[in-house]
Amino acid sequence: MSLSKIKNIPYGKNIIELKNISLSFGGVKALTEVSFEVKRGEVFAIIGPNGAGKSSMLNVINGFYKPTSGKINFAGQERLQMEPEFAAKSGIARTFQNIALFKGMSTLDNLMTGRLLKQKQNLFMQALYFGPAEKEETFHREKVERVIDFLDLQSIRRTPVGSLPYGLQKRVELGRALAMEPEILLLDEPMAGMNVEEKQDMSRFVLTANHELKTTIVLIEHDMSVVMDISDRIVVLDYGKKIGSGKPEEIRSNKAVIDAYLGVSND
Amino acid sequence: MSVELLNFIETVLNGLMSGIMYSLVALGFVLIFKASGVFNFAQGVFALFAALTLVGFQTGQVPFSHLINELFGTKLHHWYPEIHSFLAIIFTIITMIVLAWIIERLVLKHLVNQEPIILFMATIGLAFVLEGIGDLMWGSDVKVLDVGIPSGGSEWLENATIGLAAEGSEYYGMYIDVLNVWATVIAVILVTALALFSQYTKTGRALRAVADDHQAALSVGISLRTIWVFVWAMSGFIAMVAGIMWGTESGVQFSLSLIALKALPVLILGGFTSIPGAIIGGLLIGVGEKLAEIYIGGLFDIGAIENWFAYFMALVFLLFRPQGLFGEKIIERV
Amino acid sequence: MIYKETGQYNSNYRSDHAIFPLMQDKIAFSLLMLVAFLFVPFVVDSYWEKAILVPFLIYSMAAIGLNILTGYCGQVSLGTGGFMAVGAFSTYKLMTTYPDLNIMIIVIISGFISALVGILFGLPSLRIKGFYLAVATLASQFFLVWLFNKVPWFYNYSDTGQITVSERTMFGVPVTGAAAPPYATYLFCLVLVVVFGFAAKNMIRSKIGRSWMAIRDMDIAAEIIGVPPLKTKLTAFAISSFYIGISGSLYFAVYLGALEVTESFDIMAISFPVLFMIIIGGLGSMLGSFLGAAFIVLLPIVLKNFMVDLVGLSAVTAKHFEITIWGLLMVVFLIVEPHGLARLWSIAKEKLRRWPFPY
Amino acid sequence: SADLKFPMLVYRTGAYAPNGIPNADGFVDYYRMINARDGGIGGEKIVFPECETGYKTQVGVECYEKHKEGAMVFQPMSTGITYQLIPKATADGVTIYSTGYGRTSAKNGKVFKWIFNAPATYWDGASIAIRHILKQNLGNIKNKKIALVYHNSAYGKEPIRTLETLAKKHGYKLMLLPVDHPGQEQKATWLKIRKSRPNYILMWGWGVMNSVAVKSAASIKFPMENFIGIWWSGSENDVLPAGQGAHGYKALTFNAPGTDYQVHKDIKKYVHDKGNASGDGSHFGTVLYNRGLFQAMVQVEAARVAQKMHGTSKITAAMYRDGMENVNLDAARMEQLGFKNFSPPFKNTCENHGGSGLAAVQQWDAKAKKWNMITEYMYGDSDVVDKLIAEDSAKYAKEQKIALRCN
Amino acid sequence: MDDISIKNNKKHSKNKKNTDLLIVNNIEVVYNHVILVLKGVSLNVRKGGITTLLGGNGAGKTTTLKSISNLLASERGEVTKGSISFENIDVHALDPSQLVKLGVIQVMEGRHCFEHLTVEENLLTGAYTRKNNKEVKYDLERVYNYFPRLKDRRTSQAGYTSGGEQQMVAIGRALMANPRMILLDEPSMGLAPQLVKQIFEIVSQINKQEGVTILLAEQNTNMALQYAEYAYILENGRVVMEGSAKSMRDNEDVKEFYLGISGKGRQSYRDFKQYRRRKRWL
């Protein structure tokens, strides 16, 4: 599928529809008959208690897990499952709950990997380097530098990411996803392990990407204030089942959700 | 029964037996890998070292005599006449424990939490050190090792089977080396004991924990030092057993360290982390390679294929189970 | 602050991405090249050539190859000996079949042939990982060596399986065979190593290099950001084997001149030493490939000469010590710096940069 | 310098050390004895730096390069290294003496000016073994099965062509059984042998392969007197591990074992009793040690011949070669040298660098733990061998564009 | 504000020695021989209390905890200056396992479960240093009571459990050691809100009932300050502020930067537009 097809979907229309997705591992049912849809251009949050199946859901969306049953409608095309490479090519980028950066590479190189799909020079030209390959490198480097500026990563450009503190790693991971210039950004707990101030920064990055680059965002997060503040719509999972969905206000007052997840108050 | 069939059975039997001999070496690998995530390439040299030491003790050779003689012009050879092999074995076991302790102190301790390949490399370094020291200590000529384990073809089996062939056919009975039968018995005992130990005891659990994550193991109070000295001593012991078996067959000398290469396909086929896998893998590889050598090799007159055939066989199994037959599943998650 | 970088600014991304962004490095490297091309050829004698320089260059080539596969793409391989054998025997066959073909072309074609074989043996890497793969690559090692030993076509039906190089010239000077002057074999290898060294560096700092590293560091994540695992791994196998093939070709044609496969391409003779090189030198470092090769080629010679000629030990005791010390040094290096000599070098630079302050 | 430099490429470590050690000891003791007894050769001391190769080709090259300056002769002690050094030494003008190993066709002095392999070659060896078998069968070995168990390397493959040619001539069936380095595991090989019951087994083995083979043969109850090894498969190391089982095993040899020779007495007197024995002296009189003595003796003799020919004690490498080419070790000369009946007489000529080609069969007595010579020294089948040598060396000459000498 | 002292470089001396279980005295930590991370950190942890360590990403919290539990060596880091003593025993001289025997256990950041072991086996390794099987069994039940989710998944390999489940395993594992002091590194990370609350409840419970001393590194400042009695703020490898939890909560800067409450109460995450400099105290 070409990216242009996705780009043709008007904002506010469904870009991903998940229909009755079930997923099980041996005896463990991670997801049971979950359906929801994500609209183009929105910030969509998935919440739920630990082990509810949120991460699994993201893995289904970008093809790392194959659902046992159910269908995925992506940009108007129905399919049983996604393929990771296909998902990447169609503009789905993501970050991971357990940081999945390339530990041996510098921040800059990590971000540059986000551009891999867009680099077209062949092997021979790369070996030769001078000329077209160099031009291409420079072009993408500029793009990446913009992300670096945006996320304020200048000072760690050359640091191997393995030795960065947890929070910064999360930020680099977001950077790598952004460098892909994705249509859809899947974020798995991007703000875990951050303090308020850093969460504010992250929220700002996410929202800016959403507003200015018009990226559709699917977000998993346990900090309710963040979720309630920045998302447009929310779906709630519990034990692999969907137990509620709607706008933040609706969720806040949804009895089932309060029982299963939020507890009495959340401030 | 036709002679062909009898020969086939004989080949299979002998294959199984060779397999067990590989298993004895593979077992040492598995133990260390399971318990610390280290792929211990030095296992072969361990076997050599143990066997050298055993012979050295048994015959009362003065360690480092060549070196001392060369440096000081002395004429040292032996300090006592031969002693009973049982005593020699005990001394060797003690040596292997001390060795494990030294290795932990000088090497492993400093490599906690490093990448597996680094640890792997360190064990290769270790192999060199042991090889060099083994040579310095005991000299590099061939030594005859005899701890009283019988070897040679089994008369009993030959006589028992000679009548099985159809009337009038030329058949000489079935061949099996008694030494290998002994190896089988010992291997089975070892494997059972080790498997039970690692599955059902607290220490067994700790071993597996260490293999997964050194740091976390440290953080819950598992003393890597104790664990490592323990497993390395254990695999030193297994190396000694392997060394005795192989050394009885071929004399003790440098080539003994190369048996590690025969154990590797066994290891990947059975799975790095499975003790029973080492045995089953050994049996499969042994039978497979002997059948291949004799039947395929014989058919097309392409001898000496067993070396790569073993690896190919393991490779084919791995394509279906990338963690080996009994290895722990490789966890792939994001 | 001896090693100063202040005052050096890169005003564009191009120069920032150069191989040697710092002036000091640029100068040092140019000097090295000058010495290597314009000084060494005039002074090199056959001991330095045959015992040190040519093996160093050839092993560097192999180490670059293996580093691409293992250090950059994370696929541990013990099959180096087998792939070098492919290079050597391709060269032999090409030389005897086409007596007029230029030796440089023969060497490069041998590289391509090895690359093809490399792809073939790289296929299992899609499913098999880590040490399982490492051990599985021994299959290629044993199989290839067996093949070149068993099938007489490869050694032109000679009685013993020995292959012997015939004389070939470049610009009228022999570079292979016993009559080749030391400077010629040296320069021949040097040119190849420099050219392909740069090519490797370029690949590493481009798209393909980053794909390799991504696969190495976390293959699942790499797949999810769109790196095709099979293609990337196979490219690594191909390119790595290409380099190793070239080094095998040089090993036979320029260095040894005559060889027999089982002995010269034994795992203990090639596969393990080359692996040591890249680990001691530094996994995933070009500089490391060279440092490692230098270390492994030089160390035994230095130790041996030291102990036999200076200390006066007998050859055999010296050898036992050599083996022991060699192993010890390896362990010590790994303990001091698991990332190899290249990392030690960069730490030293870091310290110089901060000198006289400790941090 | 005035000293005569005989560098030694030895392997006292690695997989083949058990064989390399006694052999090297023989060399060293002999040189030391000559230096002590005669004050060197013609007044020139012998220097014999050892260079440890571990049987590895690359190290061999390094050793050669390190010691070739001023060297008279190299004894590579490995077929692989010999092949390696043939072109190099030819270009550098250094003599290579591979005593009964290395490249067989180097016997042809017309092509291989600098290479010598006297007193016998592998092809001689193969045909002598067949001759021995022929004798035992009263000249008829038609349809007999003969197996060759060989080290799967250049060395082990050397006799194959000869044996194949002889098979055509005599009508026996040849069975080839390669054993991979190092040869620890030979189960399949011996199962095959047990099944197909060859009448005779020949072996071209080295290192641990020999002892495992002898042991396996004993253990499948192969009649040991029908099992014949080449001269590199006939040392004490090869038979002792098999104990009584090895009784009757045969091997070719071109030198006698034991210590009953004048040279041994001299060595005892001038070297061992002075506490200068090489190693721990425990290999004195073993097969490979004695072979070392023989090899060293030939090298020393070549220097004497060269000194006489050129009328100077300070010979060059080129003069040394001339000496080697004119070595004439007849029985009388052998006796003078303390080698009476130690080995058959031989001489080199311009065309023939391979000596007499004589070898005898010895047999192991496991009870007495000693080798006994059981035949006279015999010639190989020169009809067959000479033709093969001519073919092979011609091919080499053409490949390397070498002009023939001795015309 | 009297309780709070803005730190200057002067080495602080306190005279509550006898009640301090753990004293970290002016330590410096260097990684890889060149990267200086802690630049003189001093802490006192009162016996039986909950002390918390606050600070942004990269401030050095984890490093501080690792230098206490002596896990630094395995990361090629070392304490180059200063000293750490636990009950007047120099920690530096001890193996991590000896520390555990003394009763100090760390819950590592980023979970660090034993992937191939089942959930239950993971928990049991926590009790590695303990001898009494009955007590261990009892504690296992207690952990299952705290985290019923773990009971459901007891036979799954830990590598296949969700992030939050792994976090529970890591905490449960530490509880199994029956420690006297726990070093908790971001226990709330990745846990659902009600669980976060529950974790803090558990922590305060074992603190109160069993007198276990807690040193807590947390990003969830709000929670941490509710449960802790004393707090240190680390920035860039230095302690920049310390004081009782209560006084911290009232501090304006802490309110603004760590609790996200400015003068007008909590601001929505949606409304932050400008980018503000951190490291204000440097």
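Some points to look at:
Going in written order, the chains are labelled A, B, C, D and E, and every chain counts its residues from 1.
Just so we're on the same page, contacts are C-beta pairs under 8 Å (C-beta built on N, C-alpha and C of every residue); 3 or more make two chains touch, one makes a residue touch a chain.
Because the structure is a prediction, the values reported are computed rather than measured.
For chain C, the chain with the farthest CA centroid is E. When the C-beta contacts at B-E and at A-B are tallied, the pair with the greater total is B-E.
Note on chain placement: the centre of chain B and the centre of chain D lie 35 Å apart, centres being C-alpha means. Rounded to whole angstrom, the centroid-to-centroid distance between chain C and chain E, based on C-alpha atoms, equals 47 Å.
Separating the CA-averaged centres of chain D and chain E is a span of 74 Å. Taking each chain's centre as the mean of its C-alpha atoms, chain B lies 32 Å from chain C. Residue positions of chain B touching 2 or more other chains: 66, 135, 140, 304, 307, 333-334. Across the assembly, chain E contributes residues 35, 160 that each touch 2 or more other chains.
In chain A, the residues touching two or more other chains are 64, 96-98, 100. Of all possible chain pairs, those that touch are A-B, A-C, A-E, B-C, B-D, B-E, C-D, C-E. Chain E makes touch with chain C in their complex at residues 30, 32-36. Listed in rising order, the residues of chain B touching chain C in the complex are 39, 66-67, 70, 106-107, 110-111, 114-118, 120-122, 124-133, 135-136, 140, 261, 264-265, 267-268, 272, 302, 304-305, 307-308, 311-312, 314-315, 318-319, 322-324, 330, 332-334. Across the complex, chain D meets chain B through its residues 12-15, 17-18, 21, 152, 176-180, 182-185, 187-188, 191-192, 194-195, 207-208, 211-212, 215, 218-221, 237, 240-241, 245, 275, 279-280.
Across the complex, chain E is touched by residues 25, 28, 48-52, 55-56, 97-98, 152, 163-168, 189, 192-201, 203-204, 207, 222-226, 229-230, 261-263, 266-267 of chain A. Within the complex, the chain B residues that touch chain D are 7, 10-11, 14-15, 17-18, 65-66, 69, 73, 75, 77, 135, 139-142, 144, 151-153, 172, 175, 177, 246, 249-251, 253-256, 258-259, 262, 289-290, 293-294, 297-298, 301, 303-304, 306-307.
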